Amino acid sequence: MAEFDVEGMFRSLDTDRANVVWKWKLLEELRQAGLRADDPRVQRAVTWTLDAGAPFEPGQPEWLDRDQFAAVVREPVIARALQGDLAVSPAEFAELSRGVEQIYADLRDERSGEVAQYIPTLRDADPERFGIAICTADGQVFQVGDATTAFSVQSTSKPFSYAMALEQQGAPEVHRWIGQEQSGGTFNDPRLSLDANGKPQNPMINAGAMATLALVEPDADVSERFAKVEQTWTRMMGEAPGFDHRTFLAERDTGHGNRGLANLMAAKEMLNVDPRDRDAPQKTAEFYFAVCSLEVDATRLAAAGATLANGGVSPYTGERVFSAETAGRVLSVMGHSGMYNDSGKFADAVGLPAKSGVSGNVMMVVPDQRLAVVTFSPRLDEAGNSVRGVEVCQRLVNDFGLHPFKSLGAERGVEMSDAARRAFDGVSRPGTGSTGRYQAPAPGAKTATRAGELQL
Amino acid sequence: MAEFDVEGMFRSLDTDRANVVWKWKLLEELRQAGLRADDPRVQRAVTWTLDAGAPFEPGQPEWLDRDQFAAVVREPVIARALQGDLAVSPAEFAELSRGVEQIYADLRDERSGEVAQYIPTLRDADPERFGIAICTADGQVFQVGDATTAFSVQSTSKPFSYAMALEQQGAPEVHRWIGQEQSGGTFNDPRLSLDANGKPQNPMINAGAMATLALVEPDADVSERFAKVEQTWTRMMGEAPGFDHRTFLAERDTGHGNRGLANLMAAKEMLNVDPRDRDAPQKTAEFYFAVCSLEVDATRLAAAGATLANGGVSPYTGERVFSAETAGRVLSVMGHSGMYNDSGKFADAVGLPAKSGVSGNVMMVVPDQRLAVVTFSPRLDEAGNSVRGVEVCQRLVNDFGLHPFKSLGAERGVEMSDAARRAFDGVSRPGTGSTGRYQAPAPGAKTATRAGELQL
Amino acid sequence: MAEFDVEGMFRSLDTDRANVVWKWKLLEELRQAGLRADDPRVQRAVTWTLDAGAPFEPGQPEWLDRDQFAAVVREPVIARALQGDLAVSPAEFAELSRGVEQIYADLRDERSGEVAQYIPTLRDADPERFGIAICTADGQVFQVGDATTAFSVQSTSKPFSYAMALEQQGAPEVHRWIGQEQSGGTFNDPRLSLDANGKPQNPMINAGAMATLALVEPDADVSERFAKVEQTWTRMMGEAPGFDHRTFLAERDTGHGNRGLANLMAAKEMLNVDPRDRDAPQKTAEFYFAVCSLEVDATRLAAAGATLANGGVSPYTGERVFSAETAGRVLSVMGHSGMYNDSGKFADAVGLPAKSGVSGNVMMVVPDQRLAVVTFSPRLDEAGNSVRGVEVCQRLVNDFGLHPFKSLGAERGVEMSDAARRAFDGVSRPGTGSTGRYQAPAPGAKTATRAGELQL
Amino acid sequence: MAEFDVEGMFRSLDTDRANVVWKWKLLEELRQAGLRADDPRVQRAVTWTLDAGAPFEPGQPEWLDRDQFAAVVREPVIARALQGDLAVSPAEFAELSRGVEQIYADLRDERSGEVAQYIPTLRDADPERFGIAICTADGQVFQVGDATTAFSVQSTSKPFSYAMALEQQGAPEVHRWIGQEQSGGTFNDPRLSLDANGKPQNPMINAGAMATLALVEPDADVSERFAKVEQTWTRMMGEAPGFDHRTFLAERDTGHGNRGLANLMAAKEMLNVDPRDRDAPQKTAEFYFAVCSLEVDATRLAAAGATLANGGVSPYTGERVFSAETAGRVLSVMGHSGMYNDSGKFADAVGLPAKSGVSGNVMMVVPDQRLAVVTFSPRLDEAGNSVRGVEVCQRLVNDFGLHPFKSLGAERGVEMSDAARRAFDGVSRPGTGSTGRYQAPAPGAKTATRAGELQL
């Protein structure tokens, strides 16, 4: 921070040469860098500083004097934003924002798929809702559409429950109870969810998610356990999740399949519960229903995703919520089992770790750019993934060249003629100018050719 | 190439000021950049140039004069190697080589696992064999141990057969016949290999690999089909594969399980064969056995892997063998289903696309560094993967920080105290110096902290 | 009854010519016909008659005068017993009794198998216990060994629960909820118990038994429902079953697998319960645990079995408990699915409908002889059937020629020589005396050749 | 035979008092007893006798003199027929024939179901064909409709192949290779046909039938093996089966599923073939296709069924083809697994051992009456059983009270009033006339109440 030229920055923002920086001017500058005016770090730094000074006259624009400005930029993210030194540069962030806006516009007319039917709250969801939010490792946020419409997090809670279990029990213990392989079946198929020993195949299927939660604060009572989960979400998102009690009640009352799986696991002693408590499996199922009923919106969920993209560190608080190792494990399993029964198809088309929930959310993490994208749109495809959500992921990857495997050497290579191939194979001899036969690629040609590829 | 200063380079290599560049000196320089003396491109350029001049006296060191040197550096890879402009820089290549050498030394005493038993040629393999080879997108090669010991390619043929099918039929047609999801079962379990319609779950299991080969040159006769497969391997590796006929015979004679799967697929019309030819399923199985019996070594197989790392372009010839899209698809399926029944575990521990074969080979692709690593060591673990092979992948990823998800933000984050958290949550107020409560990370801190992380 | 010569019978029993029939003499006569002194019909008839007369002097043998005797033989079963006109004749009953006694003696040293381990009451069962009881359609009883030792009925409750559901709902409704085919799996395998729609395969597996009980008195409250089941058992057995509350508690507390299955069925709407009651599946499981905990002994359970052998009519009361159609359906499913995973093996070896429970009981019905045999011996084989229980069935069938398919034409047939066969085929001609070639069986030769075959 | 009064019989048939018995008169007498004029035993005895005498004048009715008659009745079946001493008495046979004729008439308009589609010969079968044949243990035959229309035996060969394997290898060896339990799946489902060790579940599913045939004459060459099978059929039926070569070719060319199963079994070493012969599994499949293509008609197949009903003794030759033990085992497995996926349903509705084939045949054995009934009608239900075939079985069982479990005690039993029940339970006391409370059944009331019940 020592090198940050506070005075120079003050002057460059004091465009009126009034020896003050207008608050609106500062906020606009931050907004262009991706920091929202209601970013908790911005709010705190600016508000507290202004509150500490003399009160402003009503109706007058607020401003910061030199000392106040110096106090404000002690907030590191503000200093870095003003220097263009955040996870994504202002120019890139602008480009990304425009791209997402275009994708949003293009997909508004996409109306295929059907809203989940199995409980009233999901069935009643407005199918037209559509929002996208991006959050970077530094808490830069872009939103479009219904990005602050609340929804129950559903299965997108699974990666985070898995992270909590890993943090508390360590990976070897967790994987004594839950496998790490894709199930080859649908997320709730009792015949394929569990292996012959009753062990759930992985933490992203319902059985595995319940087995995971059975490892989260197992010694605490249920209200405390739920509180801990809520706190973890708060720490990731910078603000608390809500709770969709109506969804909870409906899932609890209809969740026979999940209760069934919990009991079957307990029957094989593959659920970490008190064997003497015959209600323990269904209590575990209820804990699971409660966690699925946590209420977020695209913007907040993107912050949770950004925590994973940031190696376990919350974008807003800088707090380490999970170890980098844990975040990596979570992204790995999202990579191969996050999109229900279309996980392999998604890995092919998109190639990035993602998780979807039946409320219509899809949370995708872009590790190289350290950001997460969340889409909310309730219409689901047959696999249970939001139609628009999958489409947003696909478009983003295509438009910005983000597929980790599909732009390798795209600029290279020649079609070799048969003659050339013979020559290469040593059949022809020098003097024929054969070394000039084919055009080798330009050296160092790592620059992608795709127009919109993100230069991060 | 215009900017390449031939004269300057000539002078810098003419260390004896003799107006010649010693051939050995040039080759040593290239070797340090990763190009072997028997690299076909090097051999061709140097040999042909020297052959075109006056013959050398026996026993005298060979040299290149100014014109000859200029002719040699017309070979682009030589020019780029001398400029340090290959996929991996000379310094990094040296670091990588040393690292692999160390891993090789560390794992020589690893003797757990057992050689595959089901056919004599595999059963008779020398369990002590151990070789590692690396090949980059530019054909830079590092070898240690038994890197040129021949082995049958076995299941590591599957990704390439899939690539051929994709190139010839297009992805929609291929995936009409073969799924894209992990099977949730072992690679040859008839109960889980095929879905209820008889469709194999993915191209990495035996059933899927046979269904894939049924789409490769389907209209040609079998000898021609096999020739085409051989040619594709030749194009990737810069030299032809061998053929382990003894293995072929043994697999053919004992391969009832595969013949069974082929017939079951045909019974459900999920194998692209002439329905009137009752021997078609077993012919397809034989085609599969033949492709599994192609003989390579770690070095050559690494070149095939480098073709994928290079987006489908052969490292030695610059020829485009597959489209970048195809190479990407292949890497995707390797990412989630390449390591038999431990694919999810491998995705967690290593995070990179890989494929193993029961002869004891493991081929891993490192897309970011555009290289492939192949290990050959016949002792297998319970999932059928080479024990040392998996260990080499794990060590490489750990030692060089190559896991795509596990070093994100590793340097960031603070443990937030409860007080701090309360403050952040807006409970405390300004004047408490709260902005200094936690140490934000240094801006732009993308530098990994791991000592050996590869700076590519 | 008109033809029954009361006077003649009185005289033949009045061996002392004392114009009385000694009570002990009458009881002995009945005992030889198979009626126990404590048979409720005998007790009632004799006791009431004697009670109605003048009191006997203490220490004096009791007797019946002419009128009293006439009153006693108004009880039809007594009249028929004295005439030798019960389901099994006195001679045959004696032969059968001796045969069973021999089998009992022969099998006392059989100690293979292991007592069920999953709950304490079963685990603690005395493995040496061994009792056999036979009960005919007329309530003739033969007992040997621990025939009155109490045990929980366990899975042998299933056929009777199925009968109750059939009576109350009719077969079409019952089979809308429960299948009729053998499961091909073990009795509690969640992967094979239910078909793809969640429908249990048959009423003899746990899932099917719960689905069956969900159809028994579905509108009543749980205590009433259980009372009705108890009453049905009382009606069959002539006395009430007990209740093993300790077993109930243990099964309830450990019965996660069954609770799991109940929930899975409910999840697919394949359990006849109120969909709004989220505890309904586990209440159904508890109902099932309670019915399994009904306590009987070999003798009483044989009476329940005899009710089936008697086409649904209780042997002691003559009351029709189930229709003949219902009894037939129950015997059918016992025939192919009553002996857990060895049902097919048992059908081969024994060929008669039977059901076993993990407490070590096996109840077999011999329809042609209208009797049931129950064995109690806690050591189980791997399929969960009592080792001695299966052996008793096998021996009985062998010793008395009861297998319905294995003594057909056993006395017939010749080995035809090749010459004979040629002749028969019309190759040879008359005059060769060919009609004498083989000894045709004696006409009407239905008489089995096996020594002990029961002539009933 | 000694007691047979030849002279009396001769006189009773010599109704014209001509001291001869007209041949037509004798044949008519035999026909009424169920023996056809073309019964091989009748033909042989009568023809040979007449041939041995003086030739008849053309156009004159043929007759037997006293000696000739004596010679003819040396054929035991003729003697017994004339005495009314065959498996089914003349009166009963007439009743049965009339009953079947009525069933045939009633079901002619039944046109539901669909002809098997998978190969041309089956697809082209005339769906209107409908024939019923009955054959008793003594070769009494009744036919109606298309009882001599040829069809390929298909799966109805399975019980007989099983019988041959049992005879040649013994049950323990057979069941080392093939299970005895119902599969719980469809007859050709690769996922449920084989257990985890590759062992087929029973001999009635395709996989089990192939495994069975692999045990029939395993050391002979294939032509000899097939000849032995043909001979066995000839021995049962009294005449040779045909061969539907067109069906064989079609099944061989399309039988990928069966070839697949054969290979999968071989892969697990669960097929008794030379492990060094890679074509052995498909040769086994071909052997199976050949046996399925044996051509019979309802009448001949009924004779094969009667061989089972007769404990393994051929009805026409009296030759023992299988041991009674083997015949019993075969009937047992038919009892629980003979009707494909509806075996349990059939056991409930009909309760007798039966086997069906996709050509539209159903062969049912009635052990108590020692006869077999075969229906031929090509339209199949969803389980693959002939619609009319199943219906014929059901009707026969209903009309003649043949269900082994459903008419037990049908005539017995009373509805007990609550008061009565209380009394019985000992609550009320003597003097109330309680012994008259309920009407006990008439003693010995074994007589069924159903009008048409067969009195055999």
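The first chain written gets the first letter, and so on, giving A, B, C and D; residue counts start at 1 in each chain.
Everything below uses one rule, namely that contacts are C-beta pairs under 8 Å (C-beta built on N, C-alpha and C of every residue); 3 or more make two chains touch, one makes a residue touch a chain.
To keep track of the chains, here are their UniProt names: A, B, C, D = Glutaminase.
Since we're looking at a predicted model, the values are computed, not measured.
The minimum number of touch steps separating subunit B from subunit C is 2. Greatest Cα centroid separation from subunit C: this falls to B. Distance from the subunit B centre to the subunit D centre is 64 Å, each centre being the mean of its Cα atoms. Subunit A and subunit B have Cα centroids lying 30 Å from one another.
Subunit D has its Cα centroid 68 Å from the Cα centroid of subunit A. For subunit C, residues touching at least two other chains: there are none. Viewed as a network of touching protein chains, the structure reduces to one closed ring of chains, two contacts apiece. By the contact rule set out at the top, the touching chain pairs are A-B, A-C, B-D, C-D. Within the complex, the subunit D residues that touch subunit B are 190-191, 194, 252-268, 275-276, 278, 281-282.
By the touch criterion given at the top, residues 40, 44-45, 48-49, 51-52, 74-77, 79-80, 83, 85-86, 137, 179-185, 192, 201-202, 234-235, 238, 308-314, 317-320, 324-325, 327-329, 331-333, 335-337, 341-345, 347-348, 351, 353, 367, 370, 403-410, 412-416, 421, 424-426, 429-431, 434-436, 438-441, 443-444 of subunit D touch subunit C in their complex.
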